[in-house]
Each structure stands twice: as C-alpha cells, then as structure tokens.
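Chains here go by letter, A, B, C and D, matching the order in which they are written, and residues are numbered from 1 within each.
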Amino acid sequence: MDKRITLTEAVQLVRPGDTLALGGMTLYRRPVAFVRELIRQGTGDLTLLAFTAGYESDLLVGAGLVKRVRTCYFGLEIFGLAPMFSQRVERGDIEVVEETEASLAFGLRATLAGVGFMPGQGWFGTDLLRVRPDVKLVTDPYSGSQYVAFPAIKPDVAVIHAPVATRAGDVVLRGNLAVDCQLAMAADRVIITAERIVEQPDEPLDIIGVAVDAVVEAPRGAAPTSCWPDYPLDGAEMLRYVEACTGGGFDAYLNAFLDG
Amino acid sequence: MQGLNQPATDYTIDELMCVCIARQIEDGELVVQGIATPLVVAGYLLARLTHAPNIAFASAIGQTFCRDWAPLSITQVEALWLGKAMGRFDFAQAVCELLPTYRPKEFFRPAQMDAQGNTGNVVIGDYSSPKLRLPGCGGIADVTAYEERMCFYVPRHSRVTFVERVDFVSGLGVGAGPADRPATGPIYLITDLGQFDFANGRMRLISVHPGVTVEQVQAKTGFPLQIAPDLQETAPPTNEEVRLLREVIDPLGIRNLERLSGAQRRAKLHEIIEREQGARLGKLQ
Amino acid sequence: MDKRITLTEAVQLVRPGDTLALGGMTLYRRPVAFVRELIRQGTGDLTLLAFTAGYESDLLVGAGLVKRVRTCYFGLEIFGLAPMFSQRVERGDIEVVEETEASLAFGLRATLAGVGFMPGQGWFGTDLLRVRPDVKLVTDPYSGSQYVAFPAIKPDVAVIHAPVATRAGDVVLRGNLAVDCQLAMAADRVIITAERIVEQPDEPLDIIGVAVDAVVEAPRGAAPTSCWPDYPLDGAEMLRYVEACTGGGFDAYLNAFLDG
Amino acid sequence: MQGLNQPATDYTIDELMCVCIARQIEDGELVVQGIATPLVVAGYLLARLTHAPNIAFASAIGQTFCRDWAPLSITQVEALWLGKAMGRFDFAQAVCELLPTYRPKEFFRPAQMDAQGNTGNVVIGDYSSPKLRLPGCGGIADVTAYEERMCFYVPRHSRVTFVERVDFVSGLGVGAGPADRPATGPIYLITDLGQFDFANGRMRLISVHPGVTVEQVQAKTGFPLQIAPDLQETAPPTNEEVRLLREVIDPLGIRNLERLSGAQRRAKLHEIIEREQGARLGKLQ
C-alpha cells in the first residue's frame, strides 16, 4: 500500500485535455511544487477547476496550459487581481465557465451522491444563467417552485497539498479545507503532495487512503503560499509577482520560478 | 486629555467606515468575513471589543468558528482562523448548509451596484469582451437569493461602482429573482461618503459623513439618489473607538488598503509585510 | 448569552403535536434524562424523529406519548427488537413514516439548503414508495433519469445530549454524531442537555451557540445509554429492560424509571 | 500439536462463517460494520490479522475511520470506534457522500430474502397489520440501488428468511429498480449452511459447509435452489484462524450471539456483560 511516487511521475498522471482540480484556498496550501513541475512538462489544454484560484492558477494560465477555467473567485486577495487571468480573459484567450460557491459545492456533492444534479436557491435572476446555458432548472415536485439544478462536477485529476500524509494516502489537512475532501472523493485520479510522510498521523484525518492514488513528498511544496503552521504566506513574493506582471515581466518571472 | 466616549476629531474615513460597520453588529450574532475585507474585520473586532463581546466569527479563509480574536494581519491570518478555531467545517458545508441556515451577517463589496441593489463582481463592460475581468462573485449570486439582511460596503464611492445598469448581474437587488421568492435586496450600504438603506426599494441616502454634502454624493453616483426625509450626519467615532482601531485592532493600518489602489496600495503592502515579517522574526528569536 | 434553564423548563419547550427529534445513535448519547422529564410532564401526540431510535424512544412509545415515528432503525442493537415499538406497531397503535438513512440525511440537508427536496439514488423499486405516497419523483434535467425527491424534513424541537457545552450553547459531541449537527441546525427549537457546562471547551465544537435555544446541565443525562468516555452503555440495564418488557412488565419498569 | 495452517477439526459454525467473511476481504479495502453485526466484525478482524493488514474500518456506530482494532465488545465499542479513530465524519456525510463514492464492503443481514436477492427488513407479514415489526432497513434501500458488490449473511438459514416472496421489499435484488439503472443485486451470501452467488440472477449454492447436504439446504429454502455445477465443500478454518477468533479477536464469544435468539441469547448476553464489567472494573482498580 505504498503509494509514493516522484513529482515527475505524479505530473504524468495528468493528461492533455484533463479537468485538473487544485486544492487549497486562495493563497493557502496550494500545490505550487506540482504546478512548477506541470509547467516544466508542459501538459496543456487543461480545464482548471478550483474552488478559489490564486497564485498557482495564475502561473498555469500565464504559462498557456489552461484553455478553460471553472472557479468562483480567481484573484490574489488583498494583493489584487490575478494579473494573467484577467489579461487572458480580456484578450479572449481563455474560456471561463462561471461558477459560484453553490454551483461548485452542490455540483461536487451531486457527483458524490451519484446523481446528476443538486438543487439550490441561488443564481435565478442573475446573468450567470445567460452565460451558462448548459445549466438547467428543476421543479420542486412538492411546492412547484423552480430551482437551479447545479450539474454534477467530476474532475479527472485532483492535486492537493497537505502538511502530513502517510504512504497509504491517509491525509491531514488541518483546516482551511475549501472543498479538498470533496475533490479527493470526486476525482478519478488523486495526487497528494505532502510536507512530510509519517507512519501514523497524530491528528485527525481529512482524506483516507482509499481515495488517493499517489503520494509525493514535497517539503515546502506550497510555498510561496502558506502551509499552516509550517510556513506562512510569503507576502513579499506575492508582491514581487504582482509587480513583475504589472511591468509586463510574467515570462521572466516564470523562468525564474521554473528554475526554483 | 479627551474623554474616551467623546466624539473624536482626529479620525480617518476608513476608521469612520469601521465604526459604522461595528454599529451594525448585534451582540451574540454570527458574523462572517469574506476574502480580502480587512475594513469589515476591523469593524467586527471593534464591535467585539465594545458592545458585542459575545459575537462568533466565521471566515472564508479557514472555515472555522472563533470567539477569540487577534489583530489584523496579512500573512498570519491562519494563526487566528486555524490556531484559535473552536470548530471547523468545510466550504461545501458552509455553502450548502451553514450559510442558508444561520444567515450570518456579512458585508460584501460590489464592483458595480445599481439603484435597486443589483450587483456585479464578474466583469466591467461586455461579458464577451470585457474591459476588466474581475475575480468573480464568490457566493453573492447564491446568498442574495435568500438572505434578507444583505449588507454592502464600498470603500471608494464613485460612478465606476454606482451605475445606471450593472454590466453583468451576479447579485440580486430588490425584487429580483424568481417570482415566488423575490430577493429582498440589500438593507444597508456604507461607503466613504455616507450610509444608505433600500427602504423604498431603491438606494437611499440616510446619513452623510461629516464634511460631505448630498450634492457630492449625488455627483459620484451614476443614478438619481433618493434622500431620506430625516437625513442625518453620520456620528463620528469616539476617541476610544479610534484608539482601539489604531492601537489594538489594526496597528499596521491594514484596514486602509481597501481605500488604496495600484502603486499606492503596493507601497503600503510593502510596508505592512516588512513590519509583519520583522515582528515574526522578532518573536522567533 | 446565558441559555441555561432547568430540565423542567426545557421540557415545556415541547408542545403537544410537535415533531420531536432526539439526538444520539441507537444506544449511545441519547437524551434519557430529558425523556424521563417529558414522560413525567406527559406531553403527547408527538411525532418522534430519530436517525436511529433506541431505548429512549421505546420508553416514549411505551408511555403512549408518540403517535407517529420517523426513523430508519428502531431497535436495541444486539439486545434485540425495541419491544414497545414492535408491539405498538403490530397492534396498529402508532403510525410509522418509513425512512431510510438517505431519506433522513437528504431530507435534513434539503431543509438546511432551503430547498424542498434533495435527489437520491435509493428507494426506487422498493415497497417504501408504496407506503410513502407523499414521496415524489424528480427528473434529472440533464440525463432524463428519474430519482426519488427526498422531501425536506424540519423538526419542531431537537434535543441532543452532549458531554460538554457552554452557557452560550457551544457544544462538543466528540463523535458518533449521527445527524445531530443537522438536527440542531434544522429544528425550530434546540435544547442541549450536557454532562457539564464549561467556560471554554478544549475540544472542537460540533454545534455553535447560534443554533441553540436552551442548555440544561444534566450529569449522567444519557444513562443507561452511554456518554463516551464518561460512562459506557449499561448493558445490564438494557437486558433488564428487555426482560421486563418480555414479561409484560413495561409499566412497572416505567414507574421505577420515572422515580429514578 | 497441529500445524497452524492445517484445517481445524474443532470449530463451530459461527467460526466458519467468520472465516468465510474474512476470505471475501481484500487487502487495502474499506470495510463497514453495520449495527449489531459482531459475526461480520469478527470476520473483518480475522482478515486484518491474517491476509489483509491494510484494511480500513468504518462503523455505523461512531462514524469514524480506523486502521487499528480491538477485540469485540458490547458495552465498550466506543473505546475502539471513537478512542482509536483516525478521522471522523457524520452520518449525513456517510450516506450522501462516502457510501456512494467509496462503495465500501459491507455485509448486510436480511430478515427475508427471495431468489433474486430482494430483501426485507421492515415487517414480516402484511405491512398494514404485520405479524412482526422489525427495526427497519437502515440504508439497505439506498445502498442496493448503486452498490455492485452487495454481500449478505444469514446466521440461521431457514424458510423464515428465504421466502418465495418478500413481504415488504426494502432492498433491491437482481435487476430491480429503475429501468435505466437496474440493481446488480447481491454477489455473495453466506449462511450457516453454505455459500451462494447470484451469477445467473438467482441465488445459487456454490459451496456447502462440511457435513451439510444440498438436500438440507434446499429443505430450509423457500424456493427452488440453483446449484453450481462445480459445487464445492466449504474449506474449514485453519487452526490458527480458530485460535485468533477464540483467543484474540473475540474471547467473550460475542460473534455467536447472532446465532441465538430469545432466552438463549439473553442468557449469553448476561454472561458476556458480566465478564466485560468485571474486566472494566479490574482495569479501573
């Protein structure tokens, strides 16, 4: 039950055209080491799925590997817009499948329940339905009310960075869970990158090995995003990134990042 | 020395906004912090340290319950939301269960808002070829469908935000949504110019901040403003409130970042992050 | 924010005709002290809702306070059938609204999401739909498949026994959660009985005070069911109960129980 | 002294059933224990201690994940399921997400079963005036809709359980359910008389336990039995398996309770509970 592989091997589990889900939340516990290796290998044509997308996703978009984005928030928190995301959308270079917290959460829950949709109160009356003609309505057979039927979402691959994992893929996340547990359950292939691999975690598990296909030891694998409490968000690096992009220097930043 | 509860004369507009937000908080409530909203958190903490000691906090970052608090931070938020958490959930539970059930108080920041309180946080301009692509609406399109106490804040009141027509509606204003369950729309809005309600179904000025005129507010609003017949001047912070904000809640001035943009914001961020890093290294030594 | 009241006062929050939800799981962490006081006060005509119903529920049924039962399991585990439940159903004295794990879980989730139903894979082809004509089908607008639309479930009152609570109603359950958190969120009125009331729990909360209306200090309030790790299931007492009922001695048992 | 891996000659039928259950477990699997199913747990633990050291356990009582284990107990189950839990969930998550997604292995005990594997756990007799009201089906009506590896066990094979027609169907047999997603039905059944599959869509005897004849099985089954052309005799436990069950996994003999009923079961329960209480008090001193 030893599921350890190298980062190089793990990235090979992603195939061109896949829907790739990235774990973590905005600037916290993102799988940055995995993203670096993915860009090195150049696996493209990806649909990027993230509850919220941040620095790690902006690098992927800037590197040209993403054709489509599914998220409810793509930005760098107080550091501002995600520069490459905003630029590429404004240019029409990438497609956005508009999502909200509810469409992502209910969509994942639908997959986990084995049904095609879950009904939710939101969206009705917004322009979201206009740009998501694939999203349909459903009538409550009891009240006759119409709800949005949030369609099931199934990632091909989910990559989640964890502070602690075992060889068998038992995973401790410690909080700021976003929808990581749901992604790990819903995805066809699940890759855990972990700060450290232990025999027996002394904290409660968030994901059990049954869900996990591969475990990669990746110390500081979330930096410059945080991995609490091992290391905090590197705010200076976020600023450096934003300033590089503002000055048209994404490519130089990316080259240095890939050498890192 | 001035009295603690006397009106302050030395305060900034971000401090006044924090105070107005704090005044909206009732003791015992559950309040929620969205992403990148330090002005709101400063307001919550001010309420916590004054009239509302029993509030519970939940945060988009961390997805926890807290009753304890810590000063505002940029790179150390997890020390509070995870380190001092009393309980933990995940974002699917939050969205599918906790938010629709508990209806916690939250202050949302719209990129655009019209007179009915419809909001947009997805794009500025035409959706298919936007002038500006924004991060997205998070959960605003979900929450506005059922929340009857929606609160908004706008750190820089301008015709960029307050528009005749929202380019891409991602939050429901008064009466929008399905016919059998129309949205309530916002009930409260605070900007750097004044406070507003939507009592008549349209955005209505109920108080102007000291030194601001109705004409100035109207000039910066892209649609005709309604004015409350009993229009007030916003009560200024007390000396104690200003002291709490500056010395206890937010010594680094993070709350003011939302008022800044571009190079100004980045300069302030550099300063704050250096001070945070210094403090952290100091602690480690 | 001090929500403490007496057990006597707490029982008065239950009104005749209410749907009363009891927390805990089979023979574990059941609100037995509350049930004792409820029987003393004689509040009847109740619809009893429990994810699983055990000893505590059998007492209520035997005492004649229950007109309707909604659960997916009513029994005493290895100790056998719940004697009064089985007897009263066989006699036609009480109505059973047949539920399963999914109808209860999705029904509560529907209430929490603010929608009238949640779709699930189960039930189709069983006799459950025959005896639950109120349960309707819904068509998946994507696949055209039909699912059972599990209707929203909303208890009037939920009573949950906890090892630890605060005056404000923050609650630690420690596991074996059943659907207690969902009941506490879904019910109109929520009563917590607790082994002890503390200033500041040093374990993770399961229910937050916002959900809770009343807190009652009730040491050994789950006995003879368990409250882990404070006390285990009293197996001898379960046997005593089963043997009393087998011999037609429920009334004598109940009288002694009420004196307890 | 006999060899550890030699076939045992001294074993009971409950021990043989545990061994058959253990043989169905693959290493690394997630296995689930339902309510009041000690025979099944003894089988899981036997697998854990022999060929499947890496299985993970979940239990209806506790709703946790465990990799560790403890001997069978009646009043101390929480010491294992909560005390040694590696992770925790709630029953709504289990039902709405974990079970349909992970499809763990579980052995269900039907009160009635027909030839197609339809099962009933709600009533015996007419629903509106039942001869016997049973506890209910728990989640069998839910799980049989999607689970393709349904396993069942029957501690006392008789015409009370195996009936021509189930009085109230609360679990789907082969091909039942909606036309676009018919149920697989059971794939495996173990009773105190033999082992069965449903390879041809009907219950089929694939092995008889030592000393049992096909005629005996048929006589205790309320419908015509199919017999596998390569009918086997069930391989007996090894000496080591019997030792593990008796000395390590279940010294109190809790697994045998499911074979008993009425006064016999109560007598055995008294004995077990006294011994458990004795052991606990001994530990406390």
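The definition used in the following text is that a contact is a pair of C-beta atoms (placed from the backbone, for glycine too) under 8 Å apart; a residue touches a chain by one contact, two chains touch by 3 or more.
None of the values given here were measured: they were computed from a predicted structure.
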Min route length, chain touch network, chain B to chain D, equals 2
The chain pair with the larger count of contacting C-beta pairs, comparing A-D against A-B, is A-B
Dist(centroid_CA(chain B), centroid_CA(chain C)) in Å evaluates to 40
Taking each chain's mean CA coordinate, chain A and chain B are separated, in whole Å, by 27
Multi-partner residues in chain C (2 or more other chains touched) are 106, 109, 113-114, 118, 120-121, 145, 182
So chain B residues touching two or more other chains come to 85, 88, 96, 100, 146
Among line, ring, star, complete and other, the chain contact graph is other
So the complete set of touching chain pairs is A-B, A-C, A-D, B-C, C-D
So, in the complex, the side of chain D touching chain C is made of residues 35-36, 38, 60-64, 74-79, 81-83, 85, 88-92, 94-96, 100, 122, 127-146, 168-172, 176-178, 180-181, 183, 254, 257, 265-266, 269-270, 272-274, 276-277, 280
Counting only contacts in the complex, chain A reaches chain C at residues 106, 113-121, 136-143, 145, 147, 149, 151-152
Interface with chain A, chain D side, in the complex: residues 27-30, 54, 56, 65, 67, 85-88, 96-98, 100-102, 104, 146
Per the touch rule above, chain A residues touching chain D in the complex are 1, 109, 111-114, 168, 170, 182, 185-186, 201, 204-206, 208-211
Residue positions on chain A within touch of chain B in the complex are 25-26, 28, 51-52, 71-75, 77-82, 85-86, 89-90, 92, 96, 98-102, 104-106, 108-109, 118, 120-128, 131, 145-146, 174-182, 226, 228-229, 232-236, 239, 242-243
